[in-house]
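After this come two complexes, each holding chain A, first together with chain B and then together with chain C.
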Partner chain A sequence: MNGPAGRSLGRRKRADLFFRALAAASAAAVILALLLILGTILWKAVPALSLSMLTRTPKGGFYLGREGGILNAIVGSLELALGATALAFLLSLPLALYLNLYKDRSSKTAAWTRFSLDVLWGVPSIVYGAFGFIVMLALGLRASLLAGILTVALLEFPIMCRAIDEVLRLVPRELREASDSLGATRFETAFRVFTRQAAPGILTGVLLAFGRGIGDAASVLFTAGFADRVPASLGDPAATLPLAIFFQLGTPFPEVQQRAYASAAVLTLIILLVSLAGRTAGRKADRNVVK
Partner chain B sequence: MANGEAPIRVRNLSVFYGGLQVLRDVSLDIPAKRITVIVGPSGCGKTTLLKSLNRLLDAAEGVRVRGQVLVDGEDIYAPRTEVTRVRKKMGLLSQKPQVLPMSIYENVAYGPRIHGLRSRKDLDGRVERYLRLAGLWDEVRDRLREPASALSVGQQQRLCLARGLAVEPEIILGDEPTSALDPPSSQNVERRLMELKRDYTVVVVTHILRQARRIADHLAFLFLGELVEQGPAAEVFAGPRDPRTRAYLSGEIS
Partner chain C sequence: MRPLKDALARRAMGLTAALPAALVVLIVAGLFLRSRAIVAVEPLSKLLFSSAWQPLQGKFGLLPFIAGTVWVTATALALALPVSILAAIYLSEYAPGWVRKAAKPVVDLLAGLPSVVYGVWGVILVVPFVGNVLAPLAGAASSGYSVLAGGIVLAIMTFPTIIHVTLEVFAAVPRSLREASLSLGATKWETTRHVVLRKGAQGILAASVLGFSRAFGETMAVLMVVGNVPAVPRSLFDAGYPLPALIANNYGEMMSVPRYDAALMAAALVLTLIVLFFNVLARRTLVRAERRGR
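Our next item is the complex of A and B:
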């Protein structure tokens, strides 16, 4: 009786135990990696972190170890990423709603659009940078905050759009029927019902894209350029934190390299703060979601 | 009941899902200010028939409709018919109550808002009036700002009723509206429907024969996509003419 059944139960229990151990190990690895990264950056950043680092722009010889700060890159990165995220959102939300409410599940157009977005998602950011650069030259623009915003928006768009698309797909069909039956147009159902139901997921998609945008160096290298001043207008070149890290880390001076870590710490902190703010907002948006 | 007075007249309606024919040449008159109950075994096309009345089938893929549905004399499948106007004439209760992802108040105000009601005072009035009519006001008057999803399923179904009533329709459609509810909530919804027939035309789909006996004024029996028999409920229950109806009512087909 308990021969084969008992053996197989033992095997099943072992398999279960093995999987649990594996899952625990993965979780530990993730947390450890995060702590190591944060720890290393902070450890190296502390000597260089100061108020003037955050509140001043680079003075002459900053990259040789003289005084100044990275205010130019902090402001540049924030303006660039916020502008690009806003622009990408304006493109992503309507397209994702269109794919889910105006197109049938079996629609070929929708399938091809999703496929294109997935391909775009995978395109390396240096390619966006190069593409932005060519377009810029063709239009006779120079490296500027505006060109950077446009390029980073292009980089963020497929990420944000597909993330929003995926959460909209999970909205129950019956919800659409409920809104339809009240005489709502598709537009009203899309913007008044679907966006609310998917709000927490939409927010996650926006944050994901923002994080990718503010952390990217390759796409802004040629398009936003770099400047020691805070950009005064959209036409001015703008410094960014990833490039500030890159340039400072590339110098042979240890004290400048420390500043690179300080810049990295600032960048990480910005992303952390934005994620936390997003989570708080997400919890609020979650209140009304129909489970 | 003369034909001319019937607010909904279905004429030779056939519905196909892809290659599958779900409704076969259905003709049906739905009398005003009565409860018409459509009964039949599951999969017979009851829900399809109900949803064809306010063109909710449009949202589904690969659906073809042949024939006519006349609402107040207007063919709702005619090319120029404005679908949102057709739907505004009918409130729908679905099998599982589906509240909108917003507060209790906003759920009821949603319909009036999209149809152009703006003033706070008017909206407040409408919300209260229809929550009362749906028998929910006393339970929610102090928590109108709470998410609708926090309500019990029974309350949610009455909220859906209030929401449907708030666009001031002439007709109420119920697609097995009590199937997800516990017995007391079911009774509550049934009671509401009995009260509402004074002012509204009600069409309810159900597979529960006892429910049909309790609430039906007019009965239609649908079997394998075909409308087998229809007439005043008392007559059909007392003396079904078609052998299939007789078999269904006696519980031989279910």
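Our next item is the complex of A and C:
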């Protein structure tokens, strides 16, 4: 029996099998790549990981292989990402609500805003870094925790906003109609009904943006500075984990490079935790959700 | 009182709606203003197509860096495109439900890993692999810090972007089309090739372009493994020096050499314009494809 291309059925079946195997192998390669990366980082990190590394700031000669830890970078990164995420949230939630409640979901303004957000999502983080630097100079700021927070907030904004927007889109229409019919204003519907209904998804979006923020190096390179002390105020320069890893790996000393591996493992673990939290939080925080 | 609050909120929230578009414009305008000191004096052709990079002599030719970016990005895409599209085909057409479910967190995690972590991994594993295994196999001498190492690391970083968008494109192909093809006796692969891939061709192109622009602007991971020699690379085993790496590496001294900062901002502007152009192109294609699908 011949098929559409005039080839025998046996041959067509073999082609099907071949491409099925090739496609499966490709999918396996993607999964393997992730396991390989996680495995390599953890395996290299174990010999250098210690408690004192997590609880102490760098002492004199730390970057030559002497005593100290990366507490400054861990705290700096957490403060920076928390600040940036809070700021990005203050912009993202109102905008996402506006797009879904005040504007017709398929209006021109909404379409254009979503388009701009998608384009912003694609802007490389080094460009945010350069832009943050320009803004910093214009405002007369020094490289500091504050400048870093502002820059990373811009980087997180499109990611978080689009994530929240996607969740709000799934809120059923009837819920809004019910709220309207009870005499609620748009504002009340937005913050009392929509925000609650979408809370789990919003949390997932916020955590996604937090993960991006804490892991980004290129945007803080110009703006957050670097310091061996834990930043005491918004005006102080702040060390960040990604940059600490980068600088330690750049030294010619094997002991310090070892610590770079350990720091990379710390950052990876933070990312894994955040992403896990995003997954479970999404499932757990649904007590106010109407189903 | 309540209507007043509502009206105020509407105004305030309306203002945030202007933010995304304004931000795009501000970024481009800001970079342009800061790079004017060099864009205004040097002819554009010299800035873009001269390979003389001697900041101390006031020579700022960006060609080696543009070429470096193009080499690394092209290498990454050549590796990433077949793997990610085939992986997406498997996940969308062949895989059982539980595999599909299990693959989602893997793709998300690959997308979420910080670029520095990719860089560290590249230095530990990919650079020695290229230097000690691939280069001798190809009969070339290389330290391993090369375009190829950058391309390999970057390819893995673009997997999630391409897979994610391609999966969405495949999901938009109506099930009935597949069933019609299968019921005519076509095999699964024939259906995939003649129906799913053909119907989703534009979307896949858009996914590739998004992957391209993702790779084009990636900084830290590439910077750590690519070697950073300011010359146009001649082979995959040569070191390269992409635009983002140039910007990241020189922020420290750029304020002390005249016009250096303007040259770096010009590099950032070139990078931004290229990425914006391809992003807009890809997003428009996707929006159109979605509209037609409905």
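By definition in this document, the second predicted complex is superposed on the first by the 250 of 291 C-alpha atoms of A that agree within 3 Å, B and C clash if a C-alpha of one lies under 4 Å from a C-alpha of the other, contacts with A are read in each partner's own complex, and residues count from 1 in each chain.
We take it that a contact is a pair of C-beta atoms (placed from the backbone, for glycine too) under 8 Å apart; a residue touches a chain by one contact, two chains touch by 3 or more.
The structure displayed is predicted, hence computed values, not measured ones.
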Look at A:A29 in the shared chain and tell me whether it touches chain B only, chain C only, both, or neither; answer first, second, both or neither.
second
For A:T268 in the superposed arrangement: first (chain B), second (chain C), both or neither?
second
In the overlay, work out which of chain B or chain C sits against more residues of chain A.
C
Quick one: is A:D104 in contact with chain B, with chain C, with both, or with neither? Answer first, second, both or neither.
first
Touching A:L170 in the superposition: chain B (first), chain C (second), both, neither?
neither
Could you look at A:Q197 and tell me whether it touches chain B, chain C, both or neither (first, second, both, neither)?
first
Return first, second, both or neither, reflecting whether A:E188 touches chain B, chain C, both chains, or no partner chain.
both
Is A:D180 touching anything from chain B or chain C once the two structures are fitted on A? First, second, both or neither.
first
Return the residues of chain A at which the contacts from chain B and from chain C coincide.
185, 188
Residue positions on chain A within touch of chain B in the complex are 104-106, 172-185, 188, 192-193, 196-197, 199, 287-291
In the complex, go through chain B and note every residue touching chain A.
54, 56, 59, 61, 84-85, 87-88, 90-92, 94, 96, 98-103, 110-111, 114-115, 147-149, 160, 163-164, 167, 173
Chain C partner contacts - residues on chain A that touch it in the complex
3-4, 12-13, 15-16, 19-20, 22-27, 29-31, 33-34, 36-37, 40-41, 44, 91, 94-95, 97-99, 102-103, 109, 111-113, 115-120, 122-131, 133-135, 154, 157-158, 161, 185-188, 190, 208, 211-212, 214-218, 221-222, 242, 245-246, 249, 260-261, 264, 267-268, 271-272, 275, 279
Considering the complex alone, what residue numbers of chain C touch chain A?
2-3, 5-6, 9-10, 12-14, 16-17, 19-21, 23-24, 26-27, 30-31, 33-34, 82-84, 86-87, 89-91, 93-95, 99, 103, 105-110, 112-121, 123-125, 156, 159, 163, 184-190, 192, 210, 213-214, 216-220, 224, 244, 247-248, 251, 264-265, 268, 271-272, 275-276, 279-280, 283, 287
